[in-house]
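Next, two complexes with chain A in common: one pairs it with chain B, the other with chain C.
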Partner chain A sequence: MAKDDKKSKGGSNTNTLDIKSEETLQAVVLGDSFDIKFSPVTLEKPRTLLPLVNIPLLDYTLEFLASSGVQEIFVFCCAHADQIKEYIQSSRWSNLPGVSVKCMTGRDCRTTGDALRGVYNAQVIQSDFILITGDVVSNMNLQKALQVHKARKEVDKNNIMTMVFKQASPTHRTRSKQDDTVIGTNSETLQLVWYDNSPKKKKSSIPIELFKKHPSIQMRYDLIDCHIDICSPEVLALFIDNFDFADIREDFIHDILGSELLDHKLYTYVLQGEYAARVKDLRTYHSVSKDIIHRWTFPMVPDNNFMCNTTYSLSRQMIYKERGVKLFGDCLISEETVLGTGTEVGSGSRISHSIIGRNCRIGKNVKIHGSYIWDNVVIEDNAVIQSSLLCNGAIVKSDSSIGRGSIIGFNVVVGNKLILEPFSKITLAEPEEDEDDEENIQDFNMGENGKGKKWILENEPYNELVQREIDEPSDSDSDEPGSGGVMPPTKDKDDDVPEFIKFQREVRDTIRRGINENLLMENIQVEINGLKFAYIKDGLDCLAAILPVLLEHPNINTVSAKDLSAFIVKRISSYSPLLVKFSSEDNQVDLIFKIQDFCDENEQYKSVFQLILHRLYDNDVISEDAILEWAQEIEDDEEDEGFYLKKCTELIKWLKSAEEESDEESEEDSDTDSD
Partner chain B sequence: MERQLETFILHLKRKNVVGSYQVSRATAELLRHWVSKEKWSNAKTLIEAIRAIGKRLIDAQPLEFCIGNIVRRVLFIIREEYLAIKKNTELESATSSTTSKSPSSSASSSTTTSPTPASPQTTAVHNLSSSTSATSQLRSETSSKHLLSYEDNEDIDFTENFPRLKAAIIDSVNELIDELEGLHRNVADQAIEHIHSNETIMTLGCSKTVEEFLKEAARKRSFKVIVVETSPSLEGQKTALTLSKASIDTTLITDSAVFAMMSRVNKVIIGTHAVMANGGLIATSGTHLLAVAAKYHSVPIVVCTGLYKLCPLYAYDQDTFNNFGSPGEYLKFEEAEYLEHVHSYNPTFDYITPDLISLFITNIGGHNPDYLYRLIQEYYDPRDSLEDDQ
Partner chain C sequence: MTQTQFQVVILATDKACGNSRLSPIDDNIPHSLLPIANRPLISYQFEFLEKAGFETKSDNPIIIVVNEASEEKIRQHVSEIYKGLEVEFFVLKDRLASCEILYRIRDKIKSEYFIILNANLVLEETFIRQMADIHRSGEAAVTMLLKPAQKVVEQPSKKGAAEAPSSSKKELIFTDYIALDEKKEKVIMMEPGTEIEENLQFNKSLLKHFPNLTIYSDLQDTHFYIFSRWVLELIVEDQKEKYPLFSDIKKHLIPYLLSCQIPNIKRQRPLPESAFNLTQKISQEMSSTASPFNQFSDINIQKKKTIKCLAYILKNGYCMNVNTVKSYQQINRDISKGDLSLLPLEPKLEKNYFIDPAANVTPTQVGPYCVIGASSTLGSKCSVKFSIIGKHCKIGDNVRIENSIIMDHVNIEDKCTIKDSIICNDVFIKAGSSTVGQYLTK
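Our next item is the complex of A and B:
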């Protein structure tokens, strides 16, 4: 009572201050990811309840929030909402001192935007709140970030959001390939001024006007977007105003950064020592699991048993075992392994780098490496499992083998002696009716006593549990940012096109640009030389790629023979310096054959074959020896009809006579030639 | 009450309450609160309830040994007070009416006369510890009470209801809390006897007890202190700062320089996380290195600790009671991808065998490591092992 009196005496100013300090800290957890990165697993279970090192993902997020002093948590769920609700009610979150966890459901939400509009309509958010996805693992000091946010807001009301980033190297395993984000911040204020999240593009261009406002901008490509945002209530209001906003990152941020009218500002907060990461896709599931096992997330590690319903203890080599694990005979549990209670491992089995849930039965001589095996899985004798994910209740019959990167859904039975090839995804789930998923599921022979269907929707290559080996070298090479040297400009990059065609395209583009923009001959030459080395080609390849472009007439079908000749004469003489650079004595004969091939393909050029040859000779691209040698080869070749040779008889005769004139000693040669 | 307990468990889990001293005090206060607020009919149910709470607290943070110690101390207090009251009432009833209660009183009188061989030994030791007269007197009183009842309490079932019991228990728990509050002072009071002028002392880590100890000595004597920085937590740096602020001649060295510097050191004075029943230590990692170096140079190692850190458990190797922290303390996460095939371990504790330790200075005086088993018998009841069903 005395306290109350004081308050009223203190007047309005202190009153508001008091209210401020008594604000309950709220957080909104998005229980749905609105994507299908984890399918087919998420057909049956929401992503937030998937176990990460045997503890549901949601628990990590909620524990992080609760231990940072958040008092009120709203879990917004859409897909599988009843499962999430049930889980929260049955777990300790329903009755924990100091924090209340409430569920909100929005059945027809399709996007994050819908969810946030749902939160706004519920009118529960009173002040600054934390917006987080239900799959974040972190041990950061949230209070510090909050203080920074609040201090900024005191100064400028327009600061509506602070985004948390974690520093890592660009190729860090925990940095999802999928958010290849480039971020520009004002180096002094840490205000976010540029956000580019388009992994397909290889470059990011910043409008120059940006520098008017911000004299120095720091561009960063080494950050993990933790999806922890400290937001003002205005953020929700903005989502209401712009009913077409779907995603925070895609729409909201771009809009805020792009609009000049409302002077809203976003800021960044970069973590140095602390840990924060989001389980965004299968790859990050794998890497965050590793981070937990290696204890980067301390104190959120299995042996801290923070949910009070586990009994893990740690022994050397990062082996975590719960009480009540049965290991028979000479089974070998090696490094980085987690074993849940009630699990039995038969003799002769080898387990390494794997996480195994509760009540799993593993037979004799089983080999498991780098895999994630959830609860109640049965693995019979002699099975081999490589880097795969096995959901609850899956059964792997004896002598079968599961290739790396596979996903085995809930209660699937892998039959005896079945060998599953790498990256196969098996599920028992029936697709929802209103979705056109049916094509994605295919009947599949699961072997003797097997049960399951194949899921054939391909994941993006960066979203597999482990890296695909096939296209790794080329892929990772070109993904390497800032790797020096000559990089082929990838305008219409298509991995299926063979190297040579790609090279031809590049050369063609270069020459065309050269012709259209009247570039200096030297520059074109340097560029083609660069391509030559990038694609590991020789001079002949270059010439063979250059000539067709040089010779192609824009209106080849209508042009008269005379005009075409004039065109060719002009082109060859003007570009001869370029051609000379790439021609050498060894490749000239082959070049003539290439030209022959070119004329074969393009009817119009057959008539000007001799002209081309002549012009090349005149411009020192081809020597007379080469032409004569070519003629000789054609003559020797009995199958060749000698069509082109006939075309060139004049030229050859002329050449020969010139030769005789200049060199008397070569009489014998010319004699044999004429025979 | 349950909610308060839950909150405390959460605080323990999230390490909002850290440091042996803070944890112990919080535990003792929680238990006192429980005894006074909760309804319990007799000592037996109370003991059961406290045991259950104790187990939950220990499960929350198994490596904060002092939680278990405090719970055991409280359990011991309950038994002790119960027996004392029971004896008093029996004596009273025996004197007033001799007929009805004769068989039981004769039984109890036989126990009081039963031989108590430990008694002279205990008092002798307390005489040895000359400085802390007040507490040692208190202790010898209670311990003699305990010794009287020790032999027979197997067949006492603690089910009788005494109205006086609650107040007596609360009083004793208050004494325990007072003991905790005063222990830094009590340990520091002995400093003059152990640190002499112009000595060089080496210490490591960050221990309030050691800090107070050195500061107290510095009021009368001038000496040098070498502080080991104790990587990766670098707590030694904090200690060095506080000591130099108290105008003690302080030198900070890296962990790797311990052996090289040891030859010029007269005494190593360290704190500890816990004292095991055999006189071994569970202490900050790096302590083992220091202890072995000191042994090699025959430099005495003195451990300053409150009695509440003494626990009736045995560690038999480095891993039994250990914890591993985040590699982030010494590795950069940014570089972690290069370390994928490297294992990194960041143990929090070292186990130091008793033969490396020369002397314990507790709040009730100095003790040899060999003698600690005796103190355990004196402060804990053997029936109160809380960890046994692991």
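Our next item is the complex of A and C:
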């Protein structure tokens, strides 16, 4: 650790503190998250300085603290400390009356624990302080929480920490998928007695020992950990005593809850109606951005220009524009979009649900959807950018396309006509010598005039900017329609699409993938079953969704009747196990009507209606009784339907004769046929 | 109060209902006839039902399930004292689990709701109206009566000392871990302490639907349940299966019903249509036709497919499950104190004790909170404190009895000391012996 540096700093701080009254409210901001959730972006820039809706994350945190009456803020930086220091010096934080913002550096810190030990060694903390990470966006009333903490401390000296939680449903979008916290509190005192964050486990368990001390325990799964902690100085001392503590949540809390010797107590403070969220990973970056655009974080919204160096104004459809944005010709800016000053958008371009930084040049006929584009990015004509993140200075050459979930690092050049696969991560960062990043970087063809290397370390599937296709296929109820995690951007516009269409779409995608990738029948079935429950559909709905996809011939308009028949025979017989699973006696007649509807909509299939029916019958998907019942029903119907009946007369005749045969002779083979 | 919508089933089989740890004192006496302050246990239930206003209509009788062996005695007792109640006996010849019993008596249950009353429960009737209302208005599948665990500390200092240390382990058997939702209305989970070793486990999917729940270890299940009729249909369907899932109400049926509160959970036994009742359906139809958005009707369908299991937490009124020797002693003490609405049958005398006029007792020998039954005799220089003496007991000279329960036809010779003990029917105690903290049976 850079001790000398700190000591000198510590000295000057204590001097100033002596003059001030003891009531100085202090806060420690952790300027480093000690993880690589934002890699490869954070290779070049600390997470706290990443722009969130065009304002660095750190500003949100500092603004929150300053407006809550914190007088002294220590920003503890590790990685990229120079950048943070420089930023603070150049921003308004350096000379704001009433608040002093100071940087502390600990270059060798690897964990939060190291950082806190560094803070302790600096000897600047006098009394209760606020411990917060530099990526928290909040508008909560901190004073109230402080009072509660102090009142508790009056009663019992052992109350060393109050953690702030925000109430939100388990599927709330600002909940990071890694954050699967189950919290147990004593229902009377709100003392934290159980903390379990194990996203992989499906079960949670608490030792019954706990009930001896706490007769009733409130289990909360609807709380988001805001990473705002009100701590007593003892917390730092405990980190010194236990030099192996690395993380506050994982080590410190678990130790305190599990420890029998020390009687330290932790308490919870639950927010309702106030906003607090941590930008923990790409997923939460996406959702917090949305929250800011939708003004949940008021007063920290772009058009409030709280950093005094922006000029945003809000227009309809949640479009925020700074002064000096140039829009050419018939470019279309649609809802949920932010444009920084100096940015130009060429004619014919379409931008929606995106945040564009300052001084970006966007060419003609560019399509940008659901993306985060930082400052000084150049996007040339006809480029398509889907749900991606483009860092400062990136250049996207003409006619290229960037797939969803991609991250384009600083100054990377995406070459002409290059098509980047979804979830590509490109960086120009040079790996540091002592780091093992080297192996994560691979040469990659960036196309004509392109520049950049591929970052191959994959994020956990749930930590991408947007959802991967199937996040957790086994967990059928994980994505409740309409409220689940962060929706893929396509869903933003889908929100008003009826559920059954969404359902059909998903089934269609599943089956197509199954056909293309030759997936096991069981797996397809499991997935569709999952969808069935997620969307509350029955077997008939599934069949009605599955069949059209199975029958869909790639070039239906040109295929000959014979080929089509052969194709259908093959498809139905190979996928019959799947169909049988969803068919039941009650829905078979309805299914036939559905097939009829399908043929009505698709002329080409009218000729093969009987064939389809026959194949389904042969493969036990529909029974003879169902066909006969259907025939009975449409016979009584309008003449329009007679068309289909005529189509199937042969089949029905044959079925009837088979039935009679079996009635009379009860032959083996006709039995199996008609079953 | 008319309670015609409710039909009561008293499960008065020997030992079969709930965990019973009354051995040895119920070895020779049917559980429901155990004397409590010289009254059989079952008489308290009849008193409860009578006071609660269960009607005497013959088409809606109280059903009492008894074992063959105890039928005669209970029948006799009922016909003597509770003439106002219409009681139908259902005699079991073999031991059956509680769900099987319900299956057997399914045709006798005709009303919309039925109450299962375990014969080991002694309770005052103050709550029943409110609880019934909650069940009806909540359209619940089941409403359970829960009571806050009583503080053990309140015992008079002299007595509890002997049994206090051993109690903690045994008590665990009767501890339930009950999870209620944030409004303390719904029961979400109920795990008996016996099923848990070290950790209480629960699914996160449960937490997804009830993200804010509180687990209480200080609530007790009293085994008093109000069921809606469709639950009976569920049991009937289940019993028709080759391998029925439900045998015990508490162990199987209620956990199953609790799990059905989660929408769209895979149900091993489909709930009958009548589980999702009329008003829900109407509201569902109305909103789905009125709203152009598909999502809303989906939500409604989801609502429709769930049921509710409610809790009623007893706030005041006496309630005690007689299932351990300790609780048996406790309830004897409580009732002989004479400040509840439940009282011994013997007349209360001025010194706060109950002595039958036909007992041959010199009142000066008897301290407060004592009950002495008919035709019992006390010898000279006896002292009886905080104790209950049954009928036709013969107690010699110089006998000291303290904090004990002495049942009927007990013969105690001279100079005995009996303390903290239970002496069952027909026991003979020799002169000069000392009995402390023992349970004697014949």
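One rule holds in what follows: the second predicted complex is superposed on the first by the 447 of 675 C-alpha atoms of A that agree within 3 Å, B and C clash if a C-alpha of one lies under 4 Å from a C-alpha of the other, contacts with A are read in each partner's own complex, and residues count from 1 in each chain.
What we mean here is this: contacts are C-beta pairs under 8 Å (C-beta built on N, C-alpha and C of every residue); 3 or more make two chains touch, one makes a residue touch a chain.
What you are looking at is a predicted structure, and each value in this text was computed from that prediction instead of being measured.
S.K.: Could you tell me if A:Ser315 is touching chain B, chain C, both of them or neither one (first, second, both, neither)?
M.R.: In the superposed model, A:Ser315 contacts chain B only, not chain C.
S.K.: By the touch definition at the top of the document, which applies to A:Ser216: first (chain B), second (chain C), both, or neither?
M.R.: After superposing on A, A:Ser216 lies in contact with chain C but is clear of chain B.
S.K.: If we overlay the two complexes on their shared chain A, which of chain B and chain C does A:Gly258 touch? Say first, second, both or neither.
M.R.: neither
S.K.: For A:Val182, is the partner it touches chain B (first), chain C (second), both, or none of the two (neither)?
M.R.: It touches chain C, and chain B stays clear.
S.K.: So, does A:His172 touch the first partner chain B, the second partner chain C, both, or neither?
M.R.: Only chain B is touched by A:His172; chain C is not.
S.K.: Under the stated touch criterion, which partner chain does A:Phe500 make contact with: chain B (first), chain C (second), both, or neither?
M.R.: second
S.K.: Which holds for A:Ile208: it touches chain B only (first), chain C only (second), both, or neither?
M.R.: second
S.K.: So, does A:Pro554 touch the first partner chain B, the second partner chain C, both, or neither?
M.R.: The answer is neither, since A:Pro554 touches no partner chain.
S.K.: Can you list the residues of chain A that touch chain B in one structure and chain C in the other?
M.R.: 169, 171, 222
S.K.: Show me the residue ranges of chain A that touch chain C in the complex, using the header's touch definition.
M.R.: So the residues of chain A in touch with chain C come to 169-171, 180, 182, 187, 201-209, 211, 215-222, 477, 481-482, 498-500, 533, 535-536.
S.K.: Considering the complex alone, what residue numbers of chain C touch chain A?
M.R.: 149, 177, 179, 193, 196, 198-205, 207-208, 211-219, 264, 294-295, 298, 301-302
S.K.: Taking the complex as given, what residues does chain B use to touch chain A?
M.R.: 3-4, 6-7, 9-10, 13-15, 59-60, 319, 323-328, 333-337, 340, 343-346, 390
S.K.: Quick one: which bits of chain A touch chain B in the complex? Just the residue numbers, please.
M.R.: 67, 96-98, 139, 166-169, 171-174, 222, 273-275, 290-291, 294-299, 303-306, 308, 314-318, 323, 335
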